[in-house]
Amino acid sequence: ATAGQVTVFAAASLKTALDEVTALWAQDTGNTATLSFVGSSALARQIEAGAPADLFISANTDWMDRLESAGLLQPGSRADLLGNALVLIGHGADHAPVTLTSQLDLPSLLGPGKLAMALIDAVPAGIYGKAALTHLGLWNSIAPQVAQTDNVRAALALVARGEAPMGIVYATDAAADPSVTVLAEFPADSHPPITYPAAVLADSTAPEAPALLTFLQSPTAMAIFLRHGFTKPQAAE
Amino acid sequence: MSLRVQITHRFDSFTLNAAFDAPAGVTALFGASGSGKTTVVNAVAGLIKPDQARISLNDQMLCDSATRLWLPPHKRRLGYVFQEARLFPHLSVQQNLRYGRWFAGLRGDSAEETRLITLLGLGPLLARRPGALSGGEKQRVAIGRALLSAPELLLMDEPLAALDEARKAEILPYLERLRDETQIPILYVSHAMAEVARLATTVVVLSDGKVLRAGPVQNILSDPGIAPTIGLREAGAVLLAQVVTHHPDGLSELSAAGGRLFLPEVTAQPGRTLRVRILAQDVILSRTRPDGLSALNILPGTVSMIHAGDGPGVLVQLQTGDAQILARITQRSAQALELSEGKPCYAIIKSVSVAQDNVGRGA
Amino acid sequence: MSFLSPAEWQAVALSLRVSLWATALALPLAIGVALALARGHFPGKQLLNGLVHLPLILPPVVTGYLLLLTFGRRAPLGGWLYDTFGLVLAFRWTGAALAAGIMGFPLMVRAIRLAIEAVDPKLEQAAATLGASRAWVFATITLPLILPGIIAGAVLGFAKAMGEFGATITFVSNIPGQTQTLPSAIYALLQVPGAETSALKLVALSVTLAMGALLLSELLARRAAKRVSGA
Amino acid sequence: MSFLSPAEWQAVALSLRVSLWATALALPLAIGVALALARGHFPGKQLLNGLVHLPLILPPVVTGYLLLLTFGRRAPLGGWLYDTFGLVLAFRWTGAALAAGIMGFPLMVRAIRLAIEAVDPKLEQAAATLGASRAWVFATITLPLILPGIIAGAVLGFAKAMGEFGATITFVSNIPGQTQTLPSAIYALLQVPGAETSALKLVALSVTLAMGALLLSELLARRAAKRVSGA
Amino acid sequence: MSLRVQITHRFDSFTLNAAFDAPAGVTALFGASGSGKTTVVNAVAGLIKPDQARISLNDQMLCDSATRLWLPPHKRRLGYVFQEARLFPHLSVQQNLRYGRWFAGLRGDSAEETRLITLLGLGPLLARRPGALSGGEKQRVAIGRALLSAPELLLMDEPLAALDEARKAEILPYLERLRDETQIPILYVSHAMAEVARLATTVVVLSDGKVLRAGPVQNILSDPGIAPTIGLREAGAVLLAQVVTHHPDGLSELSAAGGRLFLPEVTAQPGRTLRVRILAQDVILSRTRPDGLSALNILPGTVSMIHAGDGPGVLVQLQTGDAQILARITQRSAQALELSEGKPCYAIIKSVSVAQDNVGRGA
């Protein structure tokens, strides 16, 4: 990396917020951040293959764990950057909020329609969603009606287009789309904490990388993240 | 039944402007390479849309620019033997042969099919695909395919060019029979004067896209003006002659318009009419009845036309009776003989060949 | 067989079904479009040409999204199809087949068009002089002659359908047993750490299936070519 | 122009560069492979045939992953390339070109092969009797005659390269100015809510570029075809 | 210089098994459609690898199964005029013409090129592509292309079949000159006896893949055994005859092996040797010297061979001097004349045609 340049590999879902934050950092410091947005799994594999990245922000902990155990992170640099909430959304504006309990008759709310989710075994939002529904005892009754997509944005699109009457997405996604309504937020304890871990990579050659990571955790940055619907990381401190 | 043709069509560097009538029988299209024969045939077939044309077959318009009428090829009920065989490579020889039959509403085996297959010697080839056939084999399949489609108009573009004499000698009588027994007009392109002399009822001579001459075969072939187009070596008149008798010395005596002809014995019965062909180069002219020579084939007549070409030769047309004979002599001889139109003259004929063994129905 | 889980077997079966249907249904249309592009003269020909290539040019996700906008149940065309024919595409294997067919369409059209352009019009003319109407000429002459191109197009289309994933999952999502094709299953496995081996197993399976189809097509093509070249 | 951000301009420029290089480099190889498949008789021919089709059959993510495993800097081949030629593919635009070239390769090979199979060997024989060696026959007869096929292959390859995304992003990531092509940029935009308009803008741009290439190719192909058919 | 050929090759339903020598000059391959002529030529050109073969040109082996030698076509220095033109569709006529020159190491314009282009009438076509040429135009380009490649062996498969007589009459003298002035062997396939009689020095008659006869043209054409293959109408002997004088009545007197011949005036100077062709059907036989007939063309001889065919005709070979004449008469006449081998006999010749205007170098 050239002097003053930091290459950040970040989960695709962070794009808008991270673009804004790093622009601010660049303004303040005169350095530049180059951001590569891809799915977490691909990014992690690329880092394993020797990608010239300085900072990695993952959408889940699994891939970060894998890199950590492979010794690809700078020891001590890993931090949980952000958190997110999981919400149940419905198509259109006129929806009464629902309460998420084990008594909820989700199938009859759905009718013949589908519940749009990200891939329940592969994509974090899907994994969390399944965990939450299972925790609430709703999973078995709803499982046959789940339509899984390769990423959470596609699930959002299905609900936004009305193809699926309901879906489970991150609060950040729901906030940005006016054609969906949040019906309920899943209780934080219904699923493993949603965290976006970040770390400086062992191969990093950019001296500014730790500084950027620190800036990302600064109140200024966090304000922006919060505006985009992210939360503070749950397990922080 | 007849085909009436009037076409104007322009290619980049070639303009066709031709009109002629082709009555029932064989109309030979004759002309140098590139003179527009295939273009005419293609226009009649509907494979090119001429700039301007009026083509009718038996009062049915095939194409009329004036009324913007243009019958697509598949409605014209043609049999077209292309200059190149154009066989369907994915079909067997038999399937190729039957392709047109099927659209003509004829199915299955028929006596005609068997007869043609034998005539064309295609029996052993029926199961093969055309790809690896020899040149002549391809052409024979193409002939069979066109003939078997029960056409109302036959277009044949040098159909026998790739065939050996023996095979030609077998196919020509078939075409003669077709000409004489059916009423379908046949447009026949050929460079072989022997074929034309034998088959044609009408001849259309094309030169550079224009009709140089058109008319009955006897009139055209004896016209000195077209001899250069035909090729001097092949120029010569066709006469109708009736067998009178066969002499014991092996000669046959025939009576033609202008007098008696003696030929090496022919097989026809006395009384029959034959087409005989007298090549211009086999005719010698004399102002006086030659005495020193035998009187074998000497026809008296009057000079009706003299045509001097570029070379040292002169073509002289002689009117004998109601027929014409063509003679090719040297300029020097023509001057020595003081030939001019209207002068009486004797034609000494060295050779006569029978252009057609079987009876012609008149024509 | 314990080699594959029931869900995986379902994915295999579905992939084959989707690919076969996609190929079978797209092929006649591809032949028609190829014919129009190779032979036709009409306004908007270049537009049609562009349209056909679109799925190749667009990222599959975009194609999938556009499909959703067009054939979704709430979309005008999708709604009409449902009202008129009772045909549902969204979240059904039929939709997966549609997506796969559309993604392979440009490949099919190109191959077939190339073959059509190589046909000697003189043979078609000969057939016309023998009484064959345009439709018959096409059926008896053109079609057999372009068979190698059709086979090539079908192979490309089938292979593409077997591998298609982006447009499919965006359009019909991933519902095990209904729309979960092999590539979606492979994709899912690649998203989680440590599932590479399982993914590889499915990849191997998918490759085997496609290779089988490929070999078959080569045989067919060779036979078709032999027919045309003679002997 | 304010219509596009600098990063977007970079993506456009990069996409064009990647697609052109991918097409240009893959084309000669595709011609060679097509020739071998159409004319050659050698053991492993069907294997080569299968290998060529692989990128079509595999989900692009898998292809990208395999590329990463093969050409990554830590991978044997990637390391060797770097040590020997100083050539780095992973995470460079060169790698994007490689990925795009490989993804378009089966399409190129098929089109060209189809064209080769349509060449009349009798013409090549005629050239040989006139003294042309096999290489000269190829250069002066075969090559000009298969030009329409080559153009078709190039168009498919280029269009595919312009739209390729799955393998590219998996192999070389999505680094603006270095490996972010138009489709990757579109992908990134589609991952966040509310960026549909920006994505649409890029899609339109991508389509426009590809259509331009398509129109150009049609012109070239028509000229090539005219040369062959006479007049 | 000579070409030696020995080939065995099997197709599915056809077996070629032929051996012959083709010395410098024109070797005509003659035979019915499908008899294997093109296959022979292709084997010589190296376009098929025969099952077993030994082909050499001037002591250079082109192909020898025994040593597994097989020279690829491009090393054989051929000029091959194919039965179908096989022009390169993407090259202009001019580029087609020059294609072989380039590989022969010749570049640019040459007098020969200009001469051939004029001879073949290709001037106006040079810039065009072959696609839309007429049949004859294509064939002329193909002839030019082969001739311009400076070959050491010319293979011509019915090169003039699609051409009109006038054009043929222009090209034939060129081929004669090529034959007489260069030493390159020419393998020439043709169905036209007139061409063969005029051009060939050697004739190889193929029948169903086997060599029926091979030898000098005079011997082969006067062989009654091959007349059915040639076609009865075209069967006839070729004699060498020397011009003696030109008579004032327009006849030329020639001296042939067996006696005097009188022809319509020929243009050659006295003393020159011409090839004359006497068609079998133009010859009448008589046991006694005919008196009633003029003595115009009567050659005395002895019957050397009698060949009865399927039809009503008989072919009789007559030895006159050291030459042979062929006569076609009816069975009835043959019986009436009590013809048998060794019997003296007179040939009354109705017609003689000059097969070659220009001087032959002996052959």
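Note that the chains take the letters A, B, C, D and E in the order they are written out, and that residue 1 is the start of every chain.
Quick note on the criterion: a residue touches a chain if its C-beta (ideal position, glycine included) is under 8 Å from a C-beta of that chain, and two chains touch if they have at least 3 such contacts.
These are the chains along with the protein names UniProt gives them: B, E = Molybdate transport system ATP-binding protein; C, D = Molybdenum transport system permease.
From a predicted model like this one, the values you see are computed outputs, not experimental measurements.
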Going from subunit B to subunit C via touching chains takes a minimum number of steps equal to 1
In the contact graph of chains, the distance from subunit A to subunit B in steps is 2
Distance between the CA centroids of subunit A and subunit C (whole Å) is 35
For the pair subunit C and subunit D, the C-alpha centroid-to-centroid distance in angstrom is 20
Separation of the C-alpha centres, subunit C versus subunit E, in whole Å, is 59
Taking each chain's centre as the mean of its CA atoms, subunit A sits from subunit E at a distance in Å of 90
Residue ranges of subunit C touching at least 2 other chains are 61, 65, 165-166, 187, 190, 231
Going by residue number, subunit E touches two or more other chains at 12, 84, 128, 132
Within subunit A, the set of residues that touch 2 or more other chains is none
Every chain pair meeting the touch definition is listed as A-C, A-D, B-C, B-E, C-D, D-E
Note: in the complex, subunit A contacts subunit D through residues 7, 9, 12-16, 34-38, 42-43, 45-46, 48-53, 151, 153, 156, 172-173, 175-177
Subunit D contacts subunit A in the complex at 61, 64-65, 68-69, 72-75, 90-91, 169-170, 173-180, 187-195
Counting only contacts in the complex, subunit D reaches subunit C at residues 46, 49-50, 53-54, 56-62, 65, 106-107, 110-111, 113-115, 117-118, 148-149, 152, 155-156, 159-160, 162-163, 165-166, 183, 186-187, 190, 199, 203, 206-207, 210-211, 214-215, 218, 225
Subunit E contacts subunit B in the complex at 11-13, 31-34, 37-38, 83-84, 121, 124, 128, 132, 134-137, 139-140, 157-158, 161-169, 191, 193, 228-234, 249-251, 263-265, 267, 281-286, 290, 292-294, 296, 312, 329-330, 333, 350-351, 353
The subunit A residues in contact with subunit C across the complex are 39, 41, 44, 62-63, 65-66, 114, 116, 119, 121-123, 146-150, 154-155, 157-158, 161-163
